Amino acid sequence: MTAEQASIIIKAAQKRAKAENILVNIAIVDAGANLKAFLRMDGSYLGSIDVAIKKAKTARYFNAPTGEIGKIAQPGEAIYNIEHSNDGLITFPGGMPIKDKKGIIIGAIGISGGTIEQDHDIATGAAESIL
Amino acid sequence: MTAEQASIIIKAAQKRAKAENILVNIAIVDAGANLKAFLRMDGSYLGSIDVAIKKAKTARYFNAPTGEIGKIAQPGEAIYNIEHSNDGLITFPGGMPIKDKKGIIIGAIGISGGTIEQDHDIATGAAESIL
Amino acid sequence: MTAEQASIIIKAAQKRAKAENILVNIAIVDAGANLKAFLRMDGSYLGSIDVAIKKAKTARYFNAPTGEIGKIAQPGEAIYNIEHSNDGLITFPGGMPIKDKKGIIIGAIGISGGTIEQDHDIATGAAESIL
Amino acid sequence: MTAEQASIIIKAAQKRAKAENILVNIAIVDAGANLKAFLRMDGSYLGSIDVAIKKAKTARYFNAPTGEIGKIAQPGEAIYNIEHSNDGLITFPGGMPIKDKKGIIIGAIGISGGTIEQDHDIATGAAESIL
């Protein structure tokens, strides 16, 4: 994940959020799950800073959309309360792995500020902007 | 949120709690979700110090009453386990955004010590004391 | 330390700071070193919220003015780097134990925002306001 | 601090760093000391992610260049070991308050990755890019 790629993805997310009148926080992590880029849109939730970053990290930690992880992190399910690891995970939708043209995961994006469906859609669309 | 406004709100909360024989902790944060004022009533729970502060922060982080956030943070709901973000959130009632006369959110209040209904009522009434 | 005493002490600190045109954060802890009351003056440093609270806790943790603790927390001295304990201490001036009329320590005050001399003077004067 | 201002400042910092062949992490916080934008240049230190963010927060917490704070945070000086507050501060150069055209502080920038002189120069120049 280069700084250029991260900037393209952030702009794509910002553009899509603006077009739909959604205010979001956008976080990008690299293959090492380390923060690469971040942008908070004006007027978006302060609490979404950390949620967006944790969604991006969670998606890369386990190479899966956060919503998929959340399904098996429910009470009684396989990895219940996994959120207690890694200084806190977020396991509802809005985090997506980012792949390059060869399909190799090079990082992840986390979106927070809209509904979980909106966050998921923005993350998915933005992740594909570098393909 | 000025120190004067915060002091008025704390006194309003304290007065209402006393009138109903409820012992509470009262926390006020500003627009940046930073602590502005705090008061612990004599005999109230020690554990409510942090709960009150986290309720206030949570209400400002997401611009909503904490109880509303809690409804969609239940198992199986949209933002389950969001409490793992932001160094810990409290998502049951007792936290309320504070608005000025123009309706702009200038901070939030968190009340802890009574039942969740009592905490919510005190927070709501106190938040309106500066209108 | 009652809520009434804490409120008197905070007002005394605020009055003194205003008279000298100093912007401070004021924190009061009780005998258990738990936060009892807090006020941030308008325009004072955001970073002083935590510094004021940690000064008050430090003064009560060790029943001494924070500046006295700091003297023996220097490199090579007796309790070097004690700040690593208790989730972080502040050992420069501005924290003072608060005693009642019988000389019993009932809590502590922490002031942050001015110079260390100003913070110390405001803390000392305010602590004596309930005697 | 708007997202647009933050983006301009990040680009200015990135441009200056590139021109001097320095690899840095760039963090921007708003007036409430909350993260607004971030970018890590390719090949820059992973450890500088957190250093850059903490420099920006420290500069806003105390409305001063981090290097100025560091001068009085040395052993034996006025605010020795203040770094233990606020979940960790960074008090060497590279953090600068950001002012608007009227001179009001609207946030801060933190640069980490070069020498402290380089980090300071990049932060200073970038902060002025919106004037």
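Before moving on, here are some points about what is shown:
Letters A, B, C and D mark the chains in the order given here, with residues in each chain numbered from 1 onward.
Going forward, a contact is a pair of C-beta atoms (placed from the backbone, for glycine too) under 8 Å apart; a residue touches a chain by one contact, two chains touch by 3 or more.
All values derive from a computational prediction rather than experimental measurement.
The interface of A-B is repeated, with over half of its contact pairs matching by residue number, by C-D among C-D, B-D or A-D.
Chain centres here are Cα averages; for chain A and chain C they lie 42 Å apart.
Centre to centre, using the average C-alpha position, chain B and chain D are separated by 32 Å.
Computed from the mean C-alpha positions, the centre of chain C lies at a distance of 29 Å from the centre of chain D. Centre-to-centre separation between chain B and chain C, using Cα means, comes to 25 Å. Contact of a single residue of chain D with at least two other chains is seen at positions 30, 32-34. Of all possible chain pairings, those that touch are A-B, A-D, B-C, B-D, C-D. Interface residues of chain D, counted against chain A in their complex, comprise 2-3, 6-7, 14, 30, 32, 34-42, 46, 49.
On chain D, the positions that touch chain B within their shared complex are 30-34.
Of all the residues in chain D, the ones that touch chain C in their complex are 32-33, 58, 60-63, 75-76, 78-82, 84-87, 89. Those residues of chain A whose C-beta lies close enough to touch chain B in the complex are 45-48, 50-51, 54, 70, 73-75, 81, 83-84, 88-92, 115-116.
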